[in-house]
Amino acid sequence: MSTKTGFIGLGIMGSPMAANLVKAGFEVTGYDLNAPNVAKLAAAGGTGAASIAEAIEGAEVVITMLPAHPHVAAAVLGAGGVFETVKPGTLFIDFSTIRPETSIEVAQAGAARGVRVLDAPVSGGEKGAIDAVLSIMVGGEPEVFAAARPVFDAVGKVAALCGPAGSGQVVKAANQLVVGGTYALVAEAIVLMEAAGVDAAAGLDMLAGGLAGSRILELKRASMLARDFKPGFRIDLHHKDMGIALDAARQAEVALPLTSLVAALIQAARAQGLGDQDHSALLAVAENLSGRSGRSARKAN
Amino acid sequence: MSTKTGFIGLGIMGSPMAANLVKAGFEVTGYDLNAPNVAKLAAAGGTGAASIAEAIEGAEVVITMLPAHPHVAAAVLGAGGVFETVKPGTLFIDFSTIRPETSIEVAQAGAARGVRVLDAPVSGGEKGAIDAVLSIMVGGEPEVFAAARPVFDAVGKVAALCGPAGSGQVVKAANQLVVGGTYALVAEAIVLMEAAGVDAAAGLDMLAGGLAGSRILELKRASMLARDFKPGFRIDLHHKDMGIALDAARQAEVALPLTSLVAALIQAARAQGLGDQDHSALLAVAENLSGRSGRSARKAN
Amino acid sequence: MSTKTGFIGLGIMGSPMAANLVKAGFEVTGYDLNAPNVAKLAAAGGTGAASIAEAIEGAEVVITMLPAHPHVAAAVLGAGGVFETVKPGTLFIDFSTIRPETSIEVAQAGAARGVRVLDAPVSGGEKGAIDAVLSIMVGGEPEVFAAARPVFDAVGKVAALCGPAGSGQVVKAANQLVVGGTYALVAEAIVLMEAAGVDAAAGLDMLAGGLAGSRILELKRASMLARDFKPGFRIDLHHKDMGIALDAARQAEVALPLTSLVAALIQAARAQGLGDQDHSALLAVAENLSGRSGRSARKAN
Amino acid sequence: MSTKTGFIGLGIMGSPMAANLVKAGFEVTGYDLNAPNVAKLAAAGGTGAASIAEAIEGAEVVITMLPAHPHVAAAVLGAGGVFETVKPGTLFIDFSTIRPETSIEVAQAGAARGVRVLDAPVSGGEKGAIDAVLSIMVGGEPEVFAAARPVFDAVGKVAALCGPAGSGQVVKAANQLVVGGTYALVAEAIVLMEAAGVDAAAGLDMLAGGLAGSRILELKRASMLARDFKPGFRIDLHHKDMGIALDAARQAEVALPLTSLVAALIQAARAQGLGDQDHSALLAVAENLSGRSGRSARKAN
């Protein structure tokens, strides 16, 4: 078995994912707007293509991993896009993190062409992509999910079907709102403790050990206290993801006041020039708001 | 060694704490406004007293565990209170969760009388108190903290000195703002997923396994999805604690926008008649806001 | 002088605006997807057209008044749209309220064709459109604004050039965030006063007479106290406008926490089934949040 | 008729109010902790006193105008306070802005002594006090309000009875939350317009003329655009008043999310060192949040 696979989007995430598919025995032909990315796939044992059409010719599986919904719309639905030349029966997996609305449009357009579609955004970052330990949140039909299992096994550690088309995106959005909000809460806790003259390290140890405990407190409290905001996952990306969460809420007709405020704080981080810092830099926003920016600046030296 | 100990406030938390001190070999004399509570201590091997003065007579250690700052102010600083008759050199531990401002006043008043004071609010709830596994957040001087170690060992699992007087309260406040905020975020995630037609149980499993993971997702996601809001820790108490967090922020001159909004949502829970429900009932507030109250109501049957 | 004018979009707002242009001596040919709307223009002294191309043939001025940015993008930039057949030198005015991003795209596409473009969203509602007293917020070049003056005089009371392309939309967005936020603040003031047993009518009179005074307090306090939420301007439309305000903030890279929260509250109004009520129905959202929904319901009878 | 009147608290507000009572024919004896303030009253035709007891001896009317609730509690209810020596039947008016809870306590304590009590916080500032054009929000009984009319006429332009004891404070709190919130909304509108390259002065003119119009836009838009934050009413005082609004909400058991966020933004202004600036300096907070602090700083030169 050597499944012919077309892979569109060979960037920071797509490149190691495609390489892991090659390692797992898939026959991968890839395309990217950026030629060196295509060359990299060839070096990893795949085949480079000069267009989407060439990449997906004869493919049983087509994969996209693209930055945002306009890229997906163009590469899949647009002129020269996947759905122009894709064969009926093809399994199409979009690993991009985009708004659910576009995933649903793609699924409907796929259905009209007999293509089996999954939205499958991931978490775990570049490191998770390289190590093939991504978490994969999937929307689509159960039998399509079952068919995609070998792909998910090749690139990830865990994959779960969360509902119909778009559900993967909604769960990813839910994940990002909880992550962003938790950083913002921990940031406010730190600002409060430090301003009150408390030993914040001792305080966070107590929080981490009780009901306030979280993966973020476990992994990030030391770096936050040290004002080490090297990414990690950049504010700019989290800003994009909060936009998706608010789009999803608007689509689902629900009001999310806390999420809305967290999105504003992440937008503030970006506006304050922290876009390329780790999302834990929400701490700097919380400090600046309380006129305590000196601390982050001082620690940064 | 059988340390003579006066214990003021034998309610839901104080009663098992006093009993655990008796078990650990302390000679405990207790007082409570409510006579049956005093009788319970006697039944557990302690001694009942008819007044604060009687309870603390000859005590080397004096402990208070009271509902709110006015009770502490009255019982410690007021007429007939602890500091009227306490001996210099006494170790005074206030386990109550109150605003840092009052803890600092108490510490200063104690210092003026030669009393060694710690503020030591706890988390872990009634069950933690009974099982002697409380987490204890302490403010005060290092040598006083060291002297109090046998008391903390008798009632808790972990105790940490977090800074000068009031620091225990600030850390407890920080803990409660993170806990309240995390519930509110998880609630918004659930509302979003359910409204979008996603399998929220599958979605929360994904969140729990990644960077969004938390003690709350681990322990409470099943009960939240089932709309089982039996306490646990009541909204009314969390409302009191958010008031302390906002007081602490005001005292420390920091602005906590997210904490402020979370406090408003917990106030809303209370205003909606959920004061005696578990704090995870923030989910019902999030649902009501989006006109989805039917779901909580239906599940509640 | 009888300026040949093409008018696309003859709905609730566009229909009376087109009629007012006819009254002012413009020679108006109009098109709408909805045939009865076209017939209405003919009855008012204009000419009906069966397509955009027909409506704008030979026109010196082309006007659009459409519901949202996708409609404008399609009708102006899309296949069969205005810019396919428009003559260079034409004055093009878009009265639609849409996101600034689309207005800027339209202005750029117009410039490439030698078309002079203004974005010119209005306030004043259906009544303002009928009475030709709209307020018109304009983005574009000063000489184009000057050229459009006769059009603005025919449909509005006041028009102001607020900056380059897109500026009209930004000012409209700013207007709507202040209006929505003011309703929400007045709603919280009313809820507080009523819950505290205060005579809210007397209280609002005091507010209206001092620094808290506003057009909204002046015009709407009586109807709000009476829970009379007949539109007026519907929550659904304000919800759309808050989406534009948040899009504009994202585009301008600014963080607007209060606006974000107001948008969530308006989304809540919609989710609670108040979408077709006046935007002053934010009072019902504020009441529901505090478990006081009975009052609005009772008054509604 | 020359009503004997005791006046406690002769600060920035109390001093001109007492002088206006003298002008109106009242026989005023005043006391203040600060001796020069007492001398000033004597110079204005009143009589100075060395204690509260001396100031109110034989008085038919007793007035307090003090900074915050602890001062009122001490001066009225405390040792040596008004209620120790006040005669039954005296009319007692507290013009201080304090939390409703304390006003209610004072009213109850007054009732127990046969004293007729009103809470009567004012707006209009120092200038309004000097010019005797204050707005007076009153809580208490109708017949007491009627009896106080000559006092109100001597110091204010308008006085309204808003309900039972504490109602004046609640209305003042409602006023302050609307004022603070309106500044914050206008600030976000300005930040959005300026960041988007819009002529904010032209934009605010449009807002001021429509449904977004307010006293604040009318009086303050020019100074805000010029970043002229000379008080006026200081952030520190508005911060105190937002604390009262949140206390009042807590007491009335209502959730005010927008008010909570506005209070956090005003706290931020203070934390950023703007406590002695006008409350319109909320604009600087909004700018800093979006990393645009240069503008306020530049304009400030």
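Order as written gives the chain letters A, B, C and D; numbering starts at 1 within each chain.
Following the convention adopted for this analysis, a contact is a pair of C-beta atoms (placed from the backbone, for glycine too) under 8 Å apart; a residue touches a chain by one contact, two chains touch by 3 or more.
Since we're looking at a predicted model, the values are computed, not measured.
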Chain at maximum distance from chain D, centres defined as averaged CA atoms: A
Selected interface, B-C versus A-B, where C-beta contact pairs are more numerous: A-B
Rounded Å distance between chain A and chain B, as computed from the means of their C-alpha atoms: 38
Distance between the centres, which are taken as Cα means, of chain C and chain B, whole angstrom: 51
Junction residues of chain B, two or more chains touched: 249, 253-257, 261, 265, 268, 271, 289-290, 292
Complex interface listing, chain D residues touching chain B: 243, 246, 249-250, 253-257, 260-261, 263-265, 267-268, 270-271
Sites on chain C touched by chain B in the complex: 257, 261, 268, 271-273, 285, 288-292
Chain D-facing residues of chain C, complex: 100, 123-124, 135, 137, 139, 158, 160-164, 166-167, 170-171, 173-175, 177-179, 181-182, 184-186, 188-189, 191-193, 195-199, 202-203, 205-207, 209-216, 219, 245, 248-249, 251-259, 261-262, 265, 286, 289-290, 292
